[in-house]
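Order of writing sets the labels: A, B, C and D. Residues in every chain begin at 1.
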Amino acid sequence: MSSNTFGQLFRFTTWGESHGPAIGCVVDGCPPRIPLAEADIQHHLDRRKPGQSKYTTQRREPDTVEIQSGVFEGMTTGTPISLVIRNVDQRSKDYSDIAPKFRPGHADYTYDMKYGIRDYRGGGRSSARETAMRVAAGAVARKVLETGIEGGAISIRAALVQMGPHGIDRGNWNWDTVDANPFFCPDARAAERWADYLDGVRKAGSSCGAVIEVVAEGLPPGLGAPIYGKLDTDIAAAMMSINAVKGVEIGAGFEAAALSGEENADEIRIGNDGHPIFRSNKAGGILGGISTGQPVVARFAVKPTSSILKPRETVTRDGEETEIVTKGRHDPCVGIRAVPVGEAMMALVLADHLMRHRAQCGAPLPPTPPLGA
Amino acid sequence: MSSNTFGQLFRFTTWGESHGPAIGCVVDGCPPRIPLAEADIQHHLDRRKPGQSKYTTQRREPDTVEIQSGVFEGMTTGTPISLVIRNVDQRSKDYSDIAPKFRPGHADYTYDMKYGIRDYRGGGRSSARETAMRVAAGAVARKVLETGIEGGAISIRAALVQMGPHGIDRGNWNWDTVDANPFFCPDARAAERWADYLDGVRKAGSSCGAVIEVVAEGLPPGLGAPIYGKLDTDIAAAMMSINAVKGVEIGAGFEAAALSGEENADEIRIGNDGHPIFRSNKAGGILGGISTGQPVVARFAVKPTSSILKPRETVTRDGEETEIVTKGRHDPCVGIRAVPVGEAMMALVLADHLMRHRAQCGAPLPPTPPLGA
Amino acid sequence: MSSNTFGQLFRFTTWGESHGPAIGCVVDGCPPRIPLAEADIQHHLDRRKPGQSKYTTQRREPDTVEIQSGVFEGMTTGTPISLVIRNVDQRSKDYSDIAPKFRPGHADYTYDMKYGIRDYRGGGRSSARETAMRVAAGAVARKVLETGIEGGAISIRAALVQMGPHGIDRGNWNWDTVDANPFFCPDARAAERWADYLDGVRKAGSSCGAVIEVVAEGLPPGLGAPIYGKLDTDIAAAMMSINAVKGVEIGAGFEAAALSGEENADEIRIGNDGHPIFRSNKAGGILGGISTGQPVVARFAVKPTSSILKPRETVTRDGEETEIVTKGRHDPCVGIRAVPVGEAMMALVLADHLMRHRAQCGAPLPPTPPLGA
Amino acid sequence: MSSNTFGQLFRFTTWGESHGPAIGCVVDGCPPRIPLAEADIQHHLDRRKPGQSKYTTQRREPDTVEIQSGVFEGMTTGTPISLVIRNVDQRSKDYSDIAPKFRPGHADYTYDMKYGIRDYRGGGRSSARETAMRVAAGAVARKVLETGIEGGAISIRAALVQMGPHGIDRGNWNWDTVDANPFFCPDARAAERWADYLDGVRKAGSSCGAVIEVVAEGLPPGLGAPIYGKLDTDIAAAMMSINAVKGVEIGAGFEAAALSGEENADEIRIGNDGHPIFRSNKAGGILGGISTGQPVVARFAVKPTSSILKPRETVTRDGEETEIVTKGRHDPCVGIRAVPVGEAMMALVLADHLMRHRAQCGAPLPPTPPLGA
C-alpha cells in the first residue's frame, strides 16, 4: 500500500529529496547467496548520471552508491539491502522564484494542493533525481534474473527510438550503436541528425520529448499473473511511474487498433528444436498477461522537459497571476536519461514476476510438462 | 499481492470462469452507509452486456447481478460486498478443437505454459466475461465517489474514438450521441461510417481494433500518491489489465513526445472564482502523479478480436503443427464493449485514491457521536 | 490491505453475514494441478458444524460447501477458488431485543461506533459463523502443504487442553482420543469430567472459556520470514483473529518468562541420521521467526461465550440504561468448535509461508547446503 | 508482502545488521504538516539505549538518530521519512566461536537453514538492535496520534509487570515509578526485590524472562478493522514480532478462559456526560476487533536471554557436536529494554489504524483550500 514502494516479492522503497542530504532505497525480498558488489550497481548508475555530454544537465553528481546492509562477504543474505547516494552538488541556490510560484508542467501545484507543504528545493521529492535509485535497485534485479532462470542468458536493453518528432530507421537498428552516441540511439545516422536538432532546441531555451523502447530477451514462457498482476499491467505501471511519462504500449501498441485480426495474430509453428516459435511478435511477448517466451517489447513516451528558459504564465501560492522562467541546469530532453531507467524498471518487474511465478508454480511442484509430454 | 485483486483501500477481487456456474467479485473496503441496490449496478452491466446489436456477440447473457453480503436495509455496512452473476448461456459446445490447440492471440498457450492446466471452455479465466465483474464493482465505486467528495458532481464517461483505422472528428463530439449508437461513438457521422465498415469486417470473418477515451470530470486537485502510486500509474495499470489492451496514454500521450516544452506546458491563470484555471490540458489532469482538478483524460488501444473465422496456423499441446478457425459467437470489435469497462476501471482507481488521500491527508477523526445522536 | 483477507501469497478473503443468503470465500494464489474436490473440504467442515452434541448450539446448519471456480476436471488451475455455503437455518426471529441494545462482550457496540450501521441479525458479520469459511480455506491449504513439501507427511492437529478452569493430564495425551469425545480433548479421563462440568454450566445458563493447542509436525526448517513476517508473528495474528480469542502463545509461552536461560535453551545434538535434533522444544519449533524442523506448537485462549441466559446490564443505541438476556441457541463453550478453526488457521499460515519461502529461497537457486557440506 | 515492513497505511521498513555501518528505517505514509524534529525521536531512543544501568548490556551505543528525508522546515511533507543510526560500538571481536556454531535459543541455526548464509557478527539481522528503529518509528507514530484525534490526549505507556517468576502488587501501581527504577517497574517495592534477584542472576551467568504490559488511553471507540485486521490481531502480531517474545494477551487474556460468562462480561452504564462507561475491562478495550474507548491493554512474555555464560550443548555447521558459551556484554533480562519497544509497537499499530479508519469511515474530503488561504 506504500506509494513509495514498487514490486510485490522483489520490491524496493525509495526515499529522499533532490536537495536533502542523500537519496536511498531499500531492496527487500532479494534471494540469498547472490554475488553483489557496489560496482555491479555503479556500472548502471554511471549510464544515467548527469553531465556526460552537452545534451544533459551540467550538474555534477558522481552518484556513488553505498551498500549499507543485506550483503555479507560479497553475497546477499536475504535481508533488506539498503542503498544510499549522498547528494553532493546541491548548489546553494536562490529559491525565491520557485518557492512561491507553480512551474507549469511540474508537480509544484499538485504537491501543494495535496499536502499543503512542499520541499521546493530542486523539485524535492518530485525531482527525477529519484530515478537514480530505480537504476540502483534495477541493477540488483538484474542479478536476480541472471541467477533465477535456469540456463538463462536474459538481456534487458533499451534505446531511444524517437526524439521530438524525429524517429529512427528500424532497418539501421544496431544495439552496439546505443552506447556509442549520447542519445542511446540504435540508428547511427538518426543520432547524427538528432545532435543538430537537439543543439537547436537547447540554444532556443526550449525542450523536446522522446520515445524509449525496452526489450527483454531470454525470458521463459509463463511469467505474469492474471488478471490484475499481468506482466503488461505491471510494465505499464512501471513505465508510467517514471517522471514525465505520458504513454506506454506493448508490442504493436496503439497501432494494433488499426490492424485486422488476421494481421495481428502471431501464428505459431514448431521450431527445429521442437519448441514453438511465433511468426511475428505483434503481442510484444505477452498473451493474457503471461510471457510467451518471445522478446518482451515495451515503449513509453516522455513529454518535453517542463523546465525551459522561455517565460510561461502561471500563478503564485497567494493566488496572483505571474510568469516564470526556469533557470538552472536542465536536460533539454529528459527522455535520454530515461533510457537506463526504463531498463531498470523492466528488470524490476521481471525479477518480481520470476519470484511470484516460483512461489505459485515452482518446484517441488511437478514441473510444467513439455509440449507433447 | 493477489493478482485477482485490484485496488488498495477500495479493492475488489474477481473469480470465475466463462463456463463455470457463475462469476463474481468481492468488493472490500467500501465505506459504510452508502445507499446501494442491485439496480444501481445492473444499469451499468446492461450497457456492457452482449447481444444488444448485431455488432456484438449474439450470446444471451442477461448478466443479472445479485448482492450477497455487505448491504443491510439498502445501505452498505462497511463489510465485504459479494456480487455474483450466474452463467446461463453456456452452450454445451464441442471443445474438441480448442482444447488441444492454441488459438493465436489468445492466452491458451501461455496459461498452459504457466499452469500446466487450463479450463479451455470459452477461454475459462482469460475470457473477457470477467470484465462484467469490473463493471459491477465500478458501479459501487461510482457511489463512493458521489458520497466522498464534498459538493462534488463527479462524472466518469467514455467513448470509442477510433474503430480500426477510422477516427472521429473531435469537432463533432457530443456526449449525448455516445449512447445513441451501437458503438459508444461521440461523433454521429463517424458512427454511420463505422456501421458500414464493421459490417464489412464481420462478413469477411475478420475483426478490428479500437481506441477508447475515458474522461473523469469534477475531481478535486490532490488525488494521487507519488511515486509508485501515482494516479496515472494506477490508471495505466487499470486499463492495461483489460483484455486485449495494448497501449495506454494520458492527456497528450504519445503525441507529447513530438511537442516542444512551451507547447506542452499548461499555463495557469486565476479564474473569476479565484481558483486557478489551466489554459490547456496536455497533462490530462495529472501532474507529478496527482490530480490538478482539470478533467482526467486517458485513452487505451484494444487489439482486434483474436477469434476470427479465417484459418490461422498454430500448434497443438502435443507439439504438432496445425491450423485453427475460431467458430462461435464473437464480437468483431471487442473494443465496443470495452467502453463501459474503461469507465468502471477509472471509477475504481478514483474511489481507491479518494480513500487513500483521506487516510493520509484528511481531517482529524470526527469526534465520536454520542449515543442517541 | 483488506481486513477481510488473510495471507500474502496463499490468501483468502471471506464475505457474508450470519443471516444473509450465504457466506463464502475466495482462495487466491493456490498452486495449479492440486487434486481438489468438495469432499476434501466438507470433511473438515463437518468437524466444526453445529448441532453435533448437546454441548454445541442446536442450530441445524449442514454447511455444505460448493466450489464455484478455480477447479477443472478435479484439479486446481491456479485461478481463484470461490467457495460458498448457503445459509439454511436462519430462523425468522424476533430481533426487537438485540437490534437496539448492545450485548456485553459482543461487537454490537463497537460496530455501531465504527460504522454507524450494523446488521444485527445473528451478529451479522461478527458472528462466529464466518469461521466456517476459514475451515474451508484451511482444507485447501492442507492440500497445498501435502503437495508442496518434498517427501513431507505434514500433520496439523489441535486439541482442547483446558475447559473453564479445568486442564488435562499431559501424561494421558492421545491424539486418537481427540475425535472420540465431543470436546476434542486428548485426555479421555479429563473429557469425562468436562462432560459433567459443562452440563452444569449449560443448565445454569452460564458459559465457560477454553484453551486450544495446535501442533504442526513434519515441517522442514526454514519456513518463516523475519522480521515482521515471522512464523510466530503470523500464527499469533491468525489465532488472535478468531472470534473470542484473548491470548496466544508459542512453545513454552508465558511460562518461559519464569524460566532461567539455561532451562529455556533447547540444546542441540546430532541424530542417528546425521540431522540435528533438539533436546527439548521450549521454542515451540520457531527461532528468530523461522521454523526449526521441530513441531510447531501454539496455544490460544478463548473467552467464555458472551451470549448467556443470565441478565446483564447494558445500554441502548438511544443512550438508555437497560438489561439484556441473550436467548437462542448458543454454544456454552465456543472454544470447542474453535479447535478445527485453529487447525485451519495453522494450515493457512504454513501454506502461505511455504510459498513465500519458495519465492525467495526456492529452486533454481542453489538448494540450501546440508550440514557439513 | 515485505517481511521487513510493518503497517498498512502508516508503515515502516527497517534495514541493517548489528555490525554493519548503520541501521535504519523508512517511515512511509506519514501525514503531512506534523511538526517533527530529531529530538522528538531521540527522547524515546534514549529510554531504550544500552548501558544505562548495570542491568543492561554495557555496550556504548549513543543511538543518535538522523532524519534524512521527509521533513522540511520542521514539518513532515507526506513523503518517506528516512531515519538512520550509525553503529559505533562494533568491537572488533573474535567470531571464531559463533561463526561455525549454532547458539541454542538464537536464530543462528534457522537463518542458516533458510538462507544458507548468515551475517554472524553480533547476530546480524536477528539482533535486538533492530528494535531501536521500531522505537524511532514509534516516536513518529506518536506524533500522528497526537495530531490525528480531535481533542485527544492519547497516552501510550508500558511497564514491566513480571521479572523471572516475580510479579508485582497491582495495588502499588504508580506510573511515575516506572521511570524511577532501572526496570520500568510500576511497583517501587517490587523494583527493590527485583534488583537483588537480577544481581544474583547476572552473577550466576544466567538470565531471566519478563512480562510487559502496554496500556493505551484516550483512544476513541471505532478503531480496528474486522475480520483479519482486528486491532487485537495487529497488536498480537506487533508484540510477537519483537525479539524473544513467546506470548501475547489482551485484557483478561489467558485468565479469561477460566472465567464464567457473567464474570467476563463488561457491563455498560451511561456516565454523567451521557457517554457509555464500562463497569470493567476484561476485554482490554477491544470487542470484535474494534476499540471500545476503554484503555487498550496488552501483555507480552519475553523469554530469558539466550546468551548466557553457562555452557550449552550444540552442533556446528559441519554437523559436529560441541558446546558453546556466549561471552560478551549481554542483558541478563532483555525484557527490560523491551518496554519502550512495546510502547512503540502499540503506537505504530494505533497510528496505522487511525489512518485506516479515516480512509473508510472518515468525513468527506475537506474541500480544497483556495489559493492564498
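The rule is short, and it goes like this: a contact is a pair of C-beta atoms (placed from the backbone, for glycine too) under 8 Å apart; a residue touches a chain by one contact, two chains touch by 3 or more.
Given the structure is predicted, the values throughout are model-derived calculations rather than measurements.
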Number of steps on the shortest touching-chain route linking subunit A and subunit C: 1
Of all other chains, the one whose Cα centre sits farthest from subunit C: A
Subunit C and subunit D: spacing of chain centres that average the CA atoms, whole Å: 26
Whole-Å separation of chain centres (CA-atom averages), subunit B against subunit D: 44
Whole-Å separation of chain centres (CA-atom averages), subunit A against subunit D: 38
Residues of subunit B touching at least two other chains: 1-5, 8-9, 14, 29, 32, 78-79, 114-116, 125, 220-222, 226, 270, 274, 276, 293, 356-357, 361, 368, 370-372
Subunit D residues touching subunit B - in the complex, by the definition given at the top: 1, 9, 29-32, 78-79, 147-151, 220-222, 226, 270, 274-276, 293, 354-368, 370-372
Subunit A residues touching subunit B - in the complex, by the definition given at the top: 1-6, 8-9, 14, 102, 104-107, 109-111, 113-116, 125-126, 130, 162, 164-165, 201, 206-211, 220-230, 232-237, 239-241, 246-254, 256-270, 274, 276, 279, 282-284, 286-293, 301-308, 310, 312-315, 319-321, 335, 356-357, 361, 366, 368-369, 371-372
Residues on subunit C engaged by subunit B in the complex (per definition of touch): 1-5, 8-9, 11, 13-17, 20-24, 26, 28-29, 32-33, 66, 68-70, 72, 75, 77-82, 113-119, 124-125, 315-319
